[in-house]
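Same chain, two partners: chain A is paired with chain B first, then with chain C.
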Partner chain A sequence: MLLYVIKRLLLLPLLVIIFSMFAFFIIQAPPGDFVTSYIAELAASGSSIDQAQIDGLRSLYGLDQPIYVQYLKWMGRIITGDLGVSLDWQRPIAELIGERLLLTVLLGIFTFLFTWALAIPIGILSATKQYSFIDYFFTVVNYFGVSTPTFMTALVLMWLAFSKFGISITGLFSAEYVDAPWTYDRVVDMLKHMWLPMVILGLDGTARLARVMRANLLDELKKPYMEMARAKGMSEWRLVMKYPVRLALNPLVSTIGWYLPLIFSGSVIVATVLNLPTIGPMLLRSLTNQDMFLAGSIILIYGFLAIIGTLISDILLVWLDPRIRMEES
Partner chain B sequence: MNNLTKPLLTVRNLKTYFKLDEGMVKAVDGVDFDVFPGQVVGIVGESGCGKSVTIKSALRIVEKPGEIVDGEILYHPQKNADANDGPVDLVTLKAHGKKMRDIRGNEIALIPQEPMAAFSPVHTIGNQLIEAVRLHQKVNKKQAFDIAVQALHEVGMPNPERRMGAYSWELSGGLRQRAMIAMALTCNPSLLIADEPTTAIDVTTQAQVLNLLRSLQERHNMSIIFITHDLGVIAQVADFVVVMYLGRVMETGTVDDIFHNPQHPYTKALLESIPTVHSPSKELLPTIEGSIPHPFNRPAGCPFYPRCADFMAGVCDKRTPSLQKINDKQSVSCFLHHDKAEEDEAA
Partner chain C sequence: MSERDEMIAPADEVELSGVVATLGDDAEAISVAPNWKLVWWRFRRHKLALIGGVVIIFVAIVAMFPGFFSTQDPNETVATDSFIPVQKLRFWHNGRFQIHVFDVEGKRNPETLRMEWFIDETTIIPLQLFSHGYAYQQFGQFETDRHLLGVTDPESEASFHLLGTDRLGRDQWSRLMYGTQVSLSIGLVAVLISTVLGILLGGISGYFGGWIDMVIQRMIEILQSLPPIPIWLALTAAMPRTWSVEQTYFAITIILSLIAWTTLGREVRGRFLALREEDFVVAAKLSGCSQMRIIFRHMVPTFYSHIIAATTLAIPVMIINETFLSFLGLGLRPPAISWGVLLQEAQNLQSIALAPWLLLPGLAVIITVLALNILGDGLRDAADPYSH
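Showing the complex of A and B:
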């Protein structure tokens, strides 16, 4: 087990390097560069810029050099902890995404916990009481959850809150705390705002996860070990929780890996609609403006999260399922 | 068996039906038999004859949509305080209730058909044995561990302490079934129900497992209900035999009577279709004509009449014969053996 974890940790840097190459390639892929779109922007507003200035900008950011040199320079800076400067915002990237990243991760974790805390019990109830009223009830609710786009839910809730109660539920902070330094009161204020985006973002995932849990558990409930556990004289709930639930959870654990980055990237529209100070809308803007270093940094962080998520789920899976443990050693 | 001792288990007119969308499947349709203390009863029959459903009914673990619709299953508890209060009708108990759970695993234990699937793959053998011990005995973990190791030792598991930490898929088929038997033994049950315990293992290991069951039966003076479709296995282990066909009992008797003096045409046909070392090699074995009817269109009257060599038109296809004693050890459910007077009375 320990050996397996060490092996996986040793692979980590290699994965990150490969991923960083992809990230860099992707942000380089669209035709033109930041300067091109900067010129277009200037032209649109009526002003212009001369060739010397353009060349100056290009060499300043190293845009005139071959792609691998650009990549190596970029990686070199990142290794020393310098994410570079946003071309668009003209501010250091670390400073730009620092708080947004923290808020995004917090929101992601809350959403994740909310999803699992709700979906697993619903799945268990639906499966153990298959074709009962409660099962049909959750089936209907789940289909609503899966089929309603999250931004739609967000819009409807915003409209309801505003038209019925006259409150605005956008953002993660009250007006007086938006730019305030971190204090206890600001954390409390954030938690007061956090639950709504958490619920909106979590509904879709909850519905999906509950359906998967139900299906997995229904498969397990038919297994002979159930009959055996009953024949031993175990009470029904105890045996359901000990054997089939445990086995039905295993495949779900392996989904944590892609779930983490999905929350961050999937929330772009909702975050835009709800005006959340998270990283999604910033990525969108950096991509449309070809703000390559900012976009690259964010994509790199997404990738890193995906890799960490996969690592966590793999370790959990090995810990949970002795059959996989056996294969690994 | 001597008739002076009271039976441990008495099954009377048991009917377990499965209500499906396509219709009613009468998996068990009026089954009667007794199990006396210390007796090994073999229930034999083709696939789908209701033998597994019969014992699942006795354990009250029939799965939905199956339901016991009629009959009694009288059991004499041997352990708890009301051991002297006479028999309990298991049919009247709540399937998942405390009373039934105190009997399941504790008084009546099950050895399943496929030990591989009956053990959880993500829990150790030890975990599942200790759980069985602690469900019915007030002991701490250490004591439960010792009881479990003792049980593994008794079934001939090499290195029992080490095997406690093993997973079921790390053991061979034979050892896995031994571990299952050990789990059934942990609470020292009075009745062991073995549901085709040797079907999933190879022939040499089969013989070992059968010998083990026999010796455990003698040592603990348990009763065993042994379910199989293999008449050879029945001949090896059983004292008393119940022959089932399509949810009904065709014939019961001691193992000698059944093998040497079969009375029901079905039993006779079954025995004729077993190859022996004396049968001529080039000749085809006799088979039973026809095939088992589909559960949705069971014949009226005797379930076996469409395939029966001694079919009597106007009798067998009109009325259902009941199980009747033909001597003090053997009972047959066939009009050939019904006393004419009794028959008219029944009709």
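Showing the complex of A and C:
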């Protein structure tokens, strides 16, 4: 098992390098360099900068050097934790992203847990009671879940809440807690707001995962060992939970690898509609305002989250499934 | 959202081969029927998928003739007509058959100074099928002013809005018709590009194997581990603002297919690997067929149906992706009209609270995507008539 994990870990640096190159490419995409836009920004706000400072900035970012040197310098700064300065916000990027990143990850994890807590029972129920009313009902719900863009759900719920109850369901905090330091009350307030984006984000995934679970379980339920256990007099419920469900969970675990990153990055749209303080809307704003260092950093972070998701699913799979372990050793 | 192959659940519902059930004893017909016939026999038993197919045919007809189905010029702005609510289509007037809508009357609210519209049930606007309206070009060739529905008297200057109007007083129904053309075709073109890429690279990977297979497989793995949405956002944001509508249109299809081809590529590779060992391929080899003949005459026809099913399931994913890119303002930009561009008008609470009908284009997205998903599922179940 250790060998397998190490093998997977060795692939990570390669992925990190590819991500960072892509993020760097995004930063370089717009015409002009960082310092020219910085000067333009300063000029627009009425202040100016002298030539010595400009030259200092240029050599700091290596703008007078070939592109691969610039890339290496940028990577070097990132490794030491310096993500650069956002032009748009006039603040260090690390400082800007900090809390938003925490909220993004929290929202992602909550959504993930919600999806699994809902999808597995639905999958088991629809498989064990195949072609029953409950199975058809969830099939219909699943089709709608997969076919409705998440932002549509968010928009419709927002409109319903506003027109029927007169409340606004945007944001993650009540007005008095938006800029407040972290206290117990603030956490409670956040949890009160978190459930709605969680449900909206999770609907699509729940529908897909429940289908996967149902299909996997149906395959298992047909196998001879089920007959065997029944013949020995095992109660149906215990039997289902003890063997086929555990086997059917394996393919589901392998979905974590793409599903977890998908929640993180998929929340961009819902977060924008619901005006959530996560990194998604910030990415959108930085891209429209050509605040490229911020955009590049956020894309890099999404990349890291994706890698972590893949890693978690790999390790869980090895831990759950002895067949993979045996194969590797 | 991106659809990965893990999501595609095995076709579990297909009990017995439908072919036998439809034909009863006529076993000979089965054994001599070509593959596509077997697929069709199996597919037509799936009633829901048939309905999905009919819906898609309707949507496709609208996409081909948007001008004919629209009632007003989709780009015409009428500043005084903003946010007119939905005027419901009615068929009976005073016990007589007469297609009509009720007129609307605008009053300015003295406090907010905003125009408020009321349905005036006393005056009707009579409508007529195949009437004359604004002039448009069909297929960029033929100029005509014939529309499915229009006011009976074109001289009266009365206008009607089946789905209301937006902020700039543009008719939403007509915009939806033109949006259908763009959104549906963007999905189709993007899927076409990814299908070609997927078959080409997946086929090379599966047929040749060895180090080529290794390289292509690693490439697919890396592409699939990239978070798609931020990357699409970044790439579309990098498109120059000066690009024309056509240029952004094709750039978006290419950006969307960059990651999407991997799913099909894997599938095609898997098919090639499995088929290489099949008896009929070995038999073809032994009877001295050339490699090209084996690939195109013997192997490829056996998974046509799979490719069609897989592409049908990929189109709705593309449509949703284009919709949200345009919705966020990074995809197609006005004056282009797509479902995402239309929904952009409904982006914030203020506009939805004021004009909830701006959400209606979302219904078009849901219906089309739903129908395509159901159709695709039915095709996938029917794709392999020899299973079970």
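As a working rule, the second predicted complex is superposed on the first by the 273 of 329 C-alpha atoms of A that agree within 3 Å, B and C clash if a C-alpha of one lies under 4 Å from a C-alpha of the other, contacts with A are read in each partner's own complex, and residues count from 1 in each chain.
We adopt the following convention: contacts are C-beta pairs under 8 Å (C-beta built on N, C-alpha and C of every residue); 3 or more make two chains touch, one makes a residue touch a chain.
All of these numbers come straight from a predicted model, not from anything done at the bench.
In the superposed model, A:181 lies in contact with neither chain B nor chain C.
In the superposition on chain A, A:18 makes contact with chain C only, not with chain B. Once chain A of one complex is fitted onto chain A of the other, the partner contacts of A:227 are limited to chain B, with no touch recorded for chain C. Look at A:247: by the touch rule set out above, it reaches chain B but stays clear of chain C.
By the touch criterion defined above, A:66 lies against neither chain B nor chain C after alignment on the C-alpha atoms of chain A. In the superposed model, C is the one of chain B and chain C that contacts more residues of chain A. By the document's definition of touching, of the two partners only chain C reaches A:310; chain B does not.
In the superposition on chain A, A:236 makes contact with chain B only, not with chain C.
Within the complex, the chain A residues that touch chain C are 14-15, 18-19, 22, 26, 29-30, 143-144, 146-149, 151-152, 155-156, 158-159, 162-163, 168, 170, 204, 208, 211-212, 214-216, 218-219, 251, 254-255, 257-258, 261-262, 264-266, 268-269, 272-273, 283-284, 287-288, 295, 298-299, 302-303, 305-307, 310. Interface of chain A with chain B (complex): residues 223-225, 227-236, 242-243, 246-247, 250, 320-323, 326.
Residues 1-2, 4, 6-7, 9-10, 12, 222, 224-231, 233-234, 237-238, 316, 320, 323-324, 327-330, 343, 346-347, 349, 352-353, 356, 359, 362, 365-366, 369-370, 373-374 of chain C are the ones touching chain A in the complex. Every residue of chain B that touches chain A in the complex is listed here, in rising order: 56, 59, 61, 63, 96, 101-106, 109-110, 112-114, 117-123, 131-132, 135-136, 167, 169-170, 183.
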